[in-house]
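The first chain written gets the first letter, and so on, giving A, B, C and D; residue counts start at 1 in each chain.
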Amino acid sequence: MKQIDAEILKIEPVAKDIFRLTLKAPDIAEAAAPGQFVMIRPVSGFDPLLPRPFSLHDWSEKQGTIVILFRVVGKGTGILAQSRHGRKLQVVGPLGKGFDITSAESVCLVGGGIGIAPLLGLAKRLPEADAYNEIAVLLGGASGEELAPLAECLDIPGLAVRLATDDGTLGHHGVVTDLMENHMTRDRDWLVLSCGPMPMLKAVAHLCRKNGWPCQVSLESVMACGMGVCLGCAVKSPAGNGHEGYLHVCKDGPVFWESDVAW
Amino acid sequence: MVRGKPDLEIKIGGLVLKNPVLTASGTFGYGREFASLVDPADLGAVVVKGISLEPRSGNPPPRIVETPCGMLNAIGLENVGVEKFVSEKLPFLRENGVCVIVNILGDSVEEYGRLAEILDNAPGIHAIEVNISCPNVKQGGVAFGLDPEAARAVTAEVRKKCSLPVIIKLSPNVTDITSIARAAEDGGADGVSLINTLQGMAIDIQTRKPRLANVIGGLSGPAIRPVALRMVWQTAKAVSVPVLGVGGITTPEDALEFLIAGASAVQIGTGNFINPRATIQVIEGIEKYLIEHDMNSIHDLIGSLNG
Amino acid sequence: MVRGKPDLEIKIGGLVLKNPVLTASGTFGYGREFASLVDPADLGAVVVKGISLEPRSGNPPPRIVETPCGMLNAIGLENVGVEKFVSEKLPFLRENGVCVIVNILGDSVEEYGRLAEILDNAPGIHAIEVNISCPNVKQGGVAFGLDPEAARAVTAEVRKKCSLPVIIKLSPNVTDITSIARAAEDGGADGVSLINTLQGMAIDIQTRKPRLANVIGGLSGPAIRPVALRMVWQTAKAVSVPVLGVGGITTPEDALEFLIAGASAVQIGTGNFINPRATIQVIEGIEKYLIEHDMNSIHDLIGSLNG
Amino acid sequence: MKQIDAEILKIEPVAKDIFRLTLKAPDIAEAAAPGQFVMIRPVSGFDPLLPRPFSLHDWSEKQGTIVILFRVVGKGTGILAQSRHGRKLQVVGPLGKGFDITSAESVCLVGGGIGIAPLLGLAKRLPEADAYNEIAVLLGGASGEELAPLAECLDIPGLAVRLATDDGTLGHHGVVTDLMENHMTRDRDWLVLSCGPMPMLKAVAHLCRKNGWPCQVSLESVMACGMGVCLGCAVKSPAGNGHEGYLHVCKDGPVFWESDVAW
């Protein structure tokens, strides 16, 4: 974990309210793992006060860069979106526990909305495709307008991306769990790695539990420190799994086995 | 003339701190979490997260809300309990030569006493900081820190049960903080630290629910700094034991204000979240100020407010 | 279905305010200064700068310091005195149909009573707000607002000496603000407004002097909003008279938090400095919220906090 | 007095730490008078909290613009300096009482440092030169490096500008009151209009008093409201002039007759 004043190398609009931010942060790029995050301080003053957590969308050890994909939802992200190239931002990272990409026959990445952010870094770093029988990528969103530019961010050669939209304007007319049910054949050993809004993660976890698919989810929470000291980012864990009631997103996660979360 | 480095040493009771910059309880974990950014042995001391007799799981989320230049927390004193603290958390600190101050909390005078007793026997602990902002469950639930008599009683009990320096951490949610500070001094405190958080609240106007599951939380951060500074100044005039200034300190300039007002040391809390290297930068900044102002010792600065 | 505008009217004692948005004393002058930006007749009421029996020239400068998301002031209650207020300031407000609440301050119970008597006879005054954060000179200088008995005594005296609605403006620098609020209610108050400023301090580290000539000042602005909101929520549960919420309100969202917490009205203070049109924007924002949430009346919102 | 969200039309560096800011503010330009000021809020958040006062350096009713000349000294001015064209700033003004340019035989404008800011708008709006016997402009600064670019800001055809620097690197080696003593011949009725740092104003006022020259000074003070309600901007006035001890810079000034100030 490092703290650096990272220069903004590039900031590009990707879609309405969505931006891709490239920062010079060699020490962080070097240590990064898929699913980890960084804390970025949007201002040098104290309003807003706290740094904001963002998943590592991508990084390059060689170029010494990290990339964030973010949606403007409030003050901090609004200020970031208006920042220009050359500005320096306080960045701490990499933080947290990322995806546990050990053994499985096939992997299914499931993303929703801005939750696709960590999936690029993850997909790029999965063991060579032939280590798995298949790498499936299933993405959901409200509409084609919203989902198309996000799906483009996952444009990796050889990776087939399947889409579902609530309004049917792109891909399957329905939700991402429909895609899972259609696609994830029962004859294989699947590992599901998922990131997206809470209701989607809940549905994904539920489906996986029903089908006996091991599943990891990347959770969000309000954070103050990002490094396990403030204890602000608590999420309930099921009774009797040894976590005394609460897990902490920044330190025990952000990626959890679905079974460790009290949905 | 070649000048030496200024002397930053301060004393609290019999304890000598190499510099006057500490972490505030609950904002630096058990010292290990920040270790890759800050060597905890470089700090005056690490005040660890509040410890109770039994482990506590804390309040349900949401536990924190950002406010203008501040934050509210209602963690609910989640902690691993004294036993696990001593067996699992303390060794790292001891082995790394960290000056450790253990913040304790309880529901009754007896509980505080019991904690003091246990910690007195654990090697590697340099002082105890008593968080008296907790409800006195046996006496109707009013916090010890709101009543001079209760504050004196807790202090005296802790004092009796251990040989370590005892610091009483004061609540700012009172009419006259100096009366509580004097009560702590009467009870045998070796120092007082202030302020703990101001009680605050926030509401989500869309759901019309409190933003914290606990409804009320503690306000910390730069927003409260002027209040903390005022109380530190008043308290430093009212007691003769060292005062540790806490509240909204994030920069060397902030820390210098507290030292000038009469604090013998400062604690950095929320500042660690904003800038994890705040503590180290504050130590460096204080040193630089002393050199620039031709002061050989931190004691030339402490309480040097000009009329 | 075509809906009418939501009803924003609220009552304090016998006084009907057309909407629940007021200015806080000391931040809107005598109503005239902002007239080219805000028509004071559009506001629920204008609470004028605190008035004393005799004119006061106030504290020497510096009188204000900016702090993180807040400011400290030590104006020292500079004002033109009651006589000049009535002869020179009141006519403009009266002629423009402004609902005027006069904030008063004094050194003794008698002085408050005398002010109430004088103002009771001046046409164009709709209510009196009593600032009890002033030192009780005859009783050792502790502020009236820090002691329930003194607060009750001042309230009873003002109540006795005038027929106007009486609002008591509470100090937040106390252990239990609800006990002071209840004392004011006992004394006959028609409402309580809170909070006045939190006591704070700032130091210039270069000169090592206080940044305010008065050393201590009052902290106001967004920084204190969470504390004010908590106290308003506690007080609204403790008394049955209307509560006026004050402290750090600058936006409609801020005001809505206070109304949901139980305030019948809000006052905007430092917010006027940050955005001179804050009051008007808050009125518009509240109206919009009521419409969007299908509420016909502000009373559907007041105290509507969900468990 | 108006409150507007004024667009930044231009922001140019003038010298080290000095910037010229042009804002679209027709309502303010229309009502402006020399020596008046505006309150500008540097951020939309609350840190820094208060708007900052700046003298009107120049304005054009025709173009609907106002111009500010400012020096970076802290947080607010630092943020302003980094703002880009197109951003909108909350501006309130025009505020306060400006210079009283009524009758006099000759006028002497005296400025120091960034205090030259209001002198451009003033000089441009003095009654046609022939209404006066002379319009003298005397400026002081620490060094040529500091003063030269500021003096250039006062580049009005036909206006003779005389300079003094503490280190002698430009113009007279000395202070601006030296220039006054050298230049202001005793055979004329002079009106002195002055703006600059407090020690300079004090020296100017002292000299004027000694010589019987009527003198106006533009003062600074910490301000919260800028419109006479917070009473924060008090300056001591001499006993017995009817101001009950204090004047308020924002409302009674910022320009005062020297005799109304307790130096």
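Following the convention adopted for this analysis, a contact is a pair of C-beta atoms (placed from the backbone, for glycine too) under 8 Å apart; a residue touches a chain by one contact, two chains touch by 3 or more.
Keep in mind it's a predicted model, so treat the numbers as computed, not measured.
A.B. asks: Between chain pairs B-D and C-D, which one is joined by a greater number of C-beta pairs in contact?
C.D. replies: C-D
A.B. asks: Please report how many Å separate the Cα centroid of subunit B from that of subunit D, as a whole number.
C.D. replies: 48
A.B. asks: Whole-Å distance, subunit C centre to subunit D centre, using C-alpha means?
C.D. replies: Distance between chain centres: 36 Å.
A.B. asks: Take the average of all CA coordinates in subunit A, do the same for subunit D, and state the distance between these two points in whole angstrom.
C.D. replies: Here the centre of subunit D sits 54 Å away from the centre of subunit A.
A.B. asks: At least two partner chains per residue is the criterion; list those residues in subunit A.
C.D. replies: Within subunit A, the residues that touch at least two other chains are 45-48.
A.B. asks: Hey, what residues on subunit C touch two or more of the other chains?
C.D. replies: Residues 67-70, 221-223 of subunit C touch two or more partner chains.
A.B. asks: In graph terms, with chains as vertices and touches as edges, which category applies: line, ring, star, complete, or other?
C.D. replies: complete
A.B. asks: So in the complex, which bits of subunit D are touching subunit C?
C.D. replies: 1-3, 41, 46-51, 90, 92, 221-236, 244-246, 251
A.B. asks: Would you tell me which residues of subunit D are touching subunit A in their complex?
C.D. replies: Residues 43, 45-48, 75, 84.
A.B. asks: Using the touch definition up top, name the residues of subunit C that touch subunit D in the complex.
C.D. replies: Of all residues in subunit C, those touching subunit D are 26-29, 33-34, 36-37, 49, 55, 57-58, 60-71, 73, 75, 78, 221-223, 250, 270, 272-277.
A.B. asks: Report the residues of subunit C in contact with subunit B in the complex, numbered from low to high.
C.D. replies: 67-70, 72, 146, 173-175, 198-203, 205, 207-210, 216-217, 219, 221-227, 229-230, 233, 248, 253, 256-257, 260-261, 289, 304-307
A.B. asks: If you look only at subunit C, which of its residues touch subunit A in the complex?
C.D. replies: The touching residues are 68-69, 222.
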